[in-house]
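Both of the next two complexes hold subunit A, though its partner changes from subunit B to subunit C.
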Partner chain A sequence: MKTVLELRELLDTNQVTSQALVDEALVLAHQNQEKCNSFVTILDDAKGNHEKKSLLSGIPYVIKDNFSTTGILSTGSSNTLKNYIPFFNATVIEKLKEAGAVPIAKSTMDEFGMGGTGTTGHTGIVKNPWDPSRMTAGSSAGSAACVAAGVVPFALGTDTGDSIRKPAAFCGIVGYKPTYGLISRYGLFPFASSLDHVGVLTRSVEDACATIDVMKGMDERDQTSLDSSTMHLLDSLTGDIKGKKLFYIKNLLELDAYEKVSDSLKSTFAQFESTLDLLRNAGAIVEGIEFDMVLLNAIPTTYVCISCAEATSNLSNMTGFSFGSRGEGSTYIESMKNHRTLGFSPLIKRRFVIGSYVLQKENQEKFFLNAQRVRRLVVDKMNELFKHYDAMIMPCSEGVATKLEQAGNMLQNDLLEVLENHMVIGNFGGFPSITIPNGMIEELPIGVNITGKVLDDENILNIAYTLEAKMSYKNQIAKEVN
Partner chain B sequence: MSKFTAQLVDDYADKLLIGLTREENASVLNEFDIIEANMNKINDIAGLSSVEPMTHPFEIEFELREDLPDESDSIEQLLQNCEKKEGREVEVPKVVGE
Partner chain C sequence: MTLLATIGLEMHCEMKSNAKVFSRGKNGYSEIPNSNVVALDLALPGTMPTINKYCVKNALKMSMILNCEQPEYMYFDRKNYYYPDLPKGFQITQFHHPVGINGNVVIEVNGERKSILIHDIHLEEDTASLDHGFDSTYIDYNRCGIPLLELVTEPCIHSALEAVAFLEHMRSVYKYTDISEADTKKGQIRCDVNVSLAEEGAPLGTKVEIKNVNSFSNVAEAINYEIKRQSELIESGRQDEIEQETRRFDEESGTTIRMRSKADAIDYKYFVEPNIPKYKITKEWLENIRTEITELALERKDKYIKQYGLSDYDAGVLVKEREVSDYFESCIALGIDAKIAANWVTVQILAYINKYELTLNEFFLTPEMLKTIVDKINDGTISSKQAKEVFFKTLENNKKPEEFISKENAQISDRKELESIIEVILANNQKQVEEYHNGKSNLFDFFVGQVMKETRGKANPVLTKEILNEKL
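Entry: the complex of A and B
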């Protein structure tokens, strides 16, 4: 399957029909399901759309299963909603429908978005198309796996910590989370409302721009949505970054700072250095800066406290009474407890208990409010840096996707945990943030992330676009290596 | 020694109407210890208590829309995902005691 822009050209010159694209996508989806388990639902009756309304008209795509879709099963990959069929579309789905794009499947995810491995969905784990013995990362696991496998040119994702950008890195594709509020969250199953972003997974920066151009816009049903009518992402790409200034966090990229230095970490840092050279050769200025270690070390815990607290509140409506699977019980308390105990996975339950703990009156000040204070300090520091720099550039992880048996969602207590989770800074501040492929380590993909200031999406996309052109990973389709 | 206990974890889970297996309980206990240790370090940040907690990524001016009557969703639609219903009402276990 080609990119959105390539398919547009083929459709406009009558070299292919939308129905042919949809049929091909459905065949590929079933093949991918066998290998990777990317989907909760495959829409076998999807029909091509031959009327041109936009760049996306007639082009097949995939929806993460936490978006409400009229008449289509929408589970959030949770047993609690295993039979839930909404009667309305999320705003973003409605926009894509108006643009003529054709949904062909709904993708498997970590339950309600609360996981970073792609292993906690109620229909089973998602496997990495490069190596099925490895995770994709999550939570937009199926969306990443199917785009990487070439089933469709783009898929919807959501990102509360790094849930678009990390799986994009491990699957060798592009993952873009726009500025908070650029895309309406109406109809999205909420995880942590102050951190939740809608975004996209594609195989080129141009496609990321073309798709978000369609999806963005104010929505009276989402008070946090922003006016971006003067922002034209695809048209703004120039490929010129002369004089742009980027920084990286030096104290996270010094091998000496780590207790254990793996070959994978060394390769990741070496590859990152080469990428910085590419930027410098393109005329950009790249500098390392020191970031307060106390704040850096606080990032993973801050994220856990805030996200768990918000999730606990957001999902308190999961009772099994007015929707969802009804729990057994002779009293309403028993019924609700059975619904929640049997319906939620162990990971979600763990997160809820943490959320409950940090929200208790006696703990709020020390945990929840202090986490929110640390969030402000981190965001203030970033905004200060963005006064002098156009963007931050960092590796997405310490290496390639881990083996499935090692994939965990437990909080660790070391610097690698900070390196693995630093992209949550983009959620703390609502900053636009994009991951693009950054080559291979032992034939498996890794990514590089570029994050900029609020509403400066055009700038970071142009930097990513320029860098992408200097590498050879655009429209990369996964090749199974193991 | 940890100040957290299995009983405390079960109590917090119970407040959320969630039951935990022994393994799930142990997993939460372990994570509580890490969070507690990290928060203790965070609490040492000078002047932290004077920082305004951040509830939203950036300041947004909220505008209230006009207060106009609108069509609400139909009861039939709202009940279509309800497993137990009677007519236009949700069927629930007895709420009031004997």
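Entry: the complex of A and C
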């Protein structure tokens, strides 16, 4: 399967029909399902759309299963919603429908987006198409796996910590989370409302632009949505970044700062250096800056406090009363407890416990409110930096996708934990943030992340676009390693 | 030992609006159960709240009426708890920055003015309503998301009488401003009552909260019962048995019953609602809202007494319901004398609408029509007795009063015409004239009666008496 823009060309010149694309996508989806378990639902009766309304008309795509879709099972990869068929579409689904795009499947994710492994969905683990013994990362696991495998040119994702950008890196594709509020969250099953973003996984920066151009816009059903009518992402790409200034966080990229230096870390940093050279060759200025280590070290905990607190509240609607299956029990409390105890996996119950704990009256000041303060300090620091720089550039991780058996044992020490989690800064500030592939380690992809200031999406996309053109990973489709 | 009761009230009042406060569902609780429900009211996954600006405006208006301080930004908090009437698992309310704080309002208790201190007023959403059957409970989501204003007083009230006077006052304010129908029968007002007892001058005693009292008479009963219960405990030296607890009022027995102690209080884990961005309340907007505040009952009452010279009682009757007061003010605006208008409204009109169970909106006779009738009395065309007949005929026939003030039944006020009628009567009753002159002065009424008989009651009585005095 080609990219959106290539398919548009083929459709417009009648070299292919939408029906043929949809049929092909469905065949590929079933193959991918066998290998990677990317989907909760495959829409076998999906029909091509031959009317041209937009760039996306007639083009097949995949929806993450935490979007409400009329008449289509929408589970959030949770047992609590295993039979839930909504009667309304999320705003973004409605926009894609109006644009004529054709959904062909709903993708597997970490339960309600609460996980970074792709292994906690109620329909089983998602495997990386490059190496099925490895995870994709998550939570937009199925969306990343199917786009990387070439099933469709784009898939919807959502990103609360790095849930689009991390799996994109581990699957060798593009993952873009626009500015908070650019895309309506109405109809997105919430995880942590102040951090949740809708975004997209594609195989080219152009496709990320073309799809978000359709999906963005103010929505009266989401009061946090913004007017972006003057922003035209695809049209704004120039390929010229002369004079653009980027920074990276120097204190996270010094090998000797790490207790144990793996080959993969060395390789990641080396390839990151080469990427910076490409940018410099294109006329950009790239500098390392020092970021307060105390703030950096507080980032993972801050994320846990805020996201778990909001999650425990957001998911309090899962009681089996006004929707979903009623739990057994002779009192309402028993009935609610049974519904929740049986429905949620232990991993997310743990998050609810943390969330409740940090919100308790006696703990709120120390945990939840302090986390809000740290968030504010980090965002202020970033905004200060964005006065002098167009964007931050950083590696997405310490290396390639982890082996599935190590899913529960990812974090070795504090500094690695910070390196693995820095992309959450983009969620703290609602900053536009994009990951593109920038290298390979032992035939497995790694990615680089570019994050910019609020509503400066055009700028960071243009930097990513320019960089993408200097490498050979555009429209890269996963080649299984042996 | 003189014990003083100290009472604080929480008054929840459902607001009028087209849509609910955070959803597009219709604000129509009393309609067929579950007929006014949209996805958000059921908390279906992915739904998001959007604030109803009309409700915010009215909340700010009420905040100003209560002389509260308004916050710089409008935002909301989540109050988290699990209960089947709360599908989201949290209620959107205002905990950190309510729409009004530190206010005060002057009320009238038995003719005396008293200032009640307001702790805060906040805007929130109502929960679904639960209807408990024999072995099951029915949930009506119509009520879920209906805008509520919760008003919290300081503990500054000292009797059931004061408490009810305050609630009556607030009901009147809600109705005058049209912010709420404020109908307790429809469950639109619900109260929580805090009562503590202590010796006068001593620090406040242990506070007992009585939840969900749904009528003003129950508020009074609950307070009186609680004062009795607590004073008996204190007077018999069992003071420690008064526990900080939540009780409920049992209507059947007229008593309060323990629900839970303070130790079991729920931790609501309040935090700022992330889906409704902070909204700046501009000075211009506030000033705009201020101009919309209507003159309220107590202000009107003062005006009626001072400016129009009405009695305290009549003024009180006129301002009790806004529509009555508005009717009265229209009469004044049309130029009807205030006392005459007050008399018509408080006697004839209120009696009529009460008898036929009408509202003033359904009442046919407009202030303009009343003006026509009053003018005809003033220019002597009709007597006040005839005016009453015209009043009722107008209402019976739903026709203008002019239809019933014809030449035919007009009062005879023409001196010459009356003189000639009287001369004939005197000539025909010589015997009685003689007797009258001989000292039988009560025969004067006989002659008046004859004139009325002759004119079928249309003779102007004042003029008749005047002429009779001259002629006899």
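The definition used in the following text is that the second predicted complex is superposed on the first by the 477 of 482 C-alpha atoms of A that agree within 3 Å, B and C clash if a C-alpha of one lies under 4 Å from a C-alpha of the other, contacts with A are read in each partner's own complex, and residues count from 1 in each chain.
Here, a contact is a pair of C-beta atoms (placed from the backbone, for glycine too) under 8 Å apart; a residue touches a chain by one contact, two chains touch by 3 or more.
All of these numbers come straight from a predicted model, not from anything done at the bench.
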| item | value |
| --- | --- |
| Touching partner for A:187 - first (subunit B), second (subunit C), both, neither | second |
| Touching partner for A:228 - first (subunit B), second (subunit C), both, neither | neither |
| Touching partner for A:76 - first (subunit B), second (subunit C), both, neither | second |
| First (subunit B), second (subunit C), both or neither touched by A:459 | neither |
| Touched partner set for A:366, first subunit B, second subunit C, both or neither | first |
| Subunit B versus subunit C as contact partner of A:33, first or second or both or neither | neither |
| Subunit A residues touched by each partner, larger count belonging to subunit B or subunit C | B |
| Touched partner set for A:67, first subunit B, second subunit C, both or neither | second |
| Touching partner for A:330 - first (subunit B), second (subunit C), both, neither | first |
| First, second, both or neither for A:309, with subunit B first and subunit C second | second |
| Doubly contacted subunit A residues - partners subunit C and subunit B | 84, 86-88, 194, 220, 223-224, 312, 316, 321-323, 332-333, 336, 356, 360 |
| Residues of subunit A defined as touching subunit B within the complex | 83-88, 180-181, 194-195, 220, 223-224, 226, 294-295, 297-298, 300-302, 304-305, 312, 316, 320-326, 329-337, 340-341, 344, 346, 349-350, 352-354, 356-357, 360, 366-367, 369-377, 379, 410-413, 427-431, 454 |
| Of all residues in subunit A, those that touch subunit C in their complex | 67-68, 74, 76, 81, 84, 86-88, 90, 185-190, 192-194, 220-224, 309-310, 312-313, 315-319, 321-323, 332-333, 336, 356, 359-361, 364, 368 |
| Partner subunit A, residues of subunit B touching it in the complex | 9, 12-13, 15-21, 23-24, 27-28, 30-32, 34-35, 37-39, 41-45, 48-49, 51-58, 60, 62, 65, 73, 77-84, 90, 92-95 |
| Residue numbers on subunit C that touch subunit A, as the complex places them | 39, 42-51, 78, 80, 82-84, 87-90, 137, 139, 141, 267, 269, 271, 274-277 |
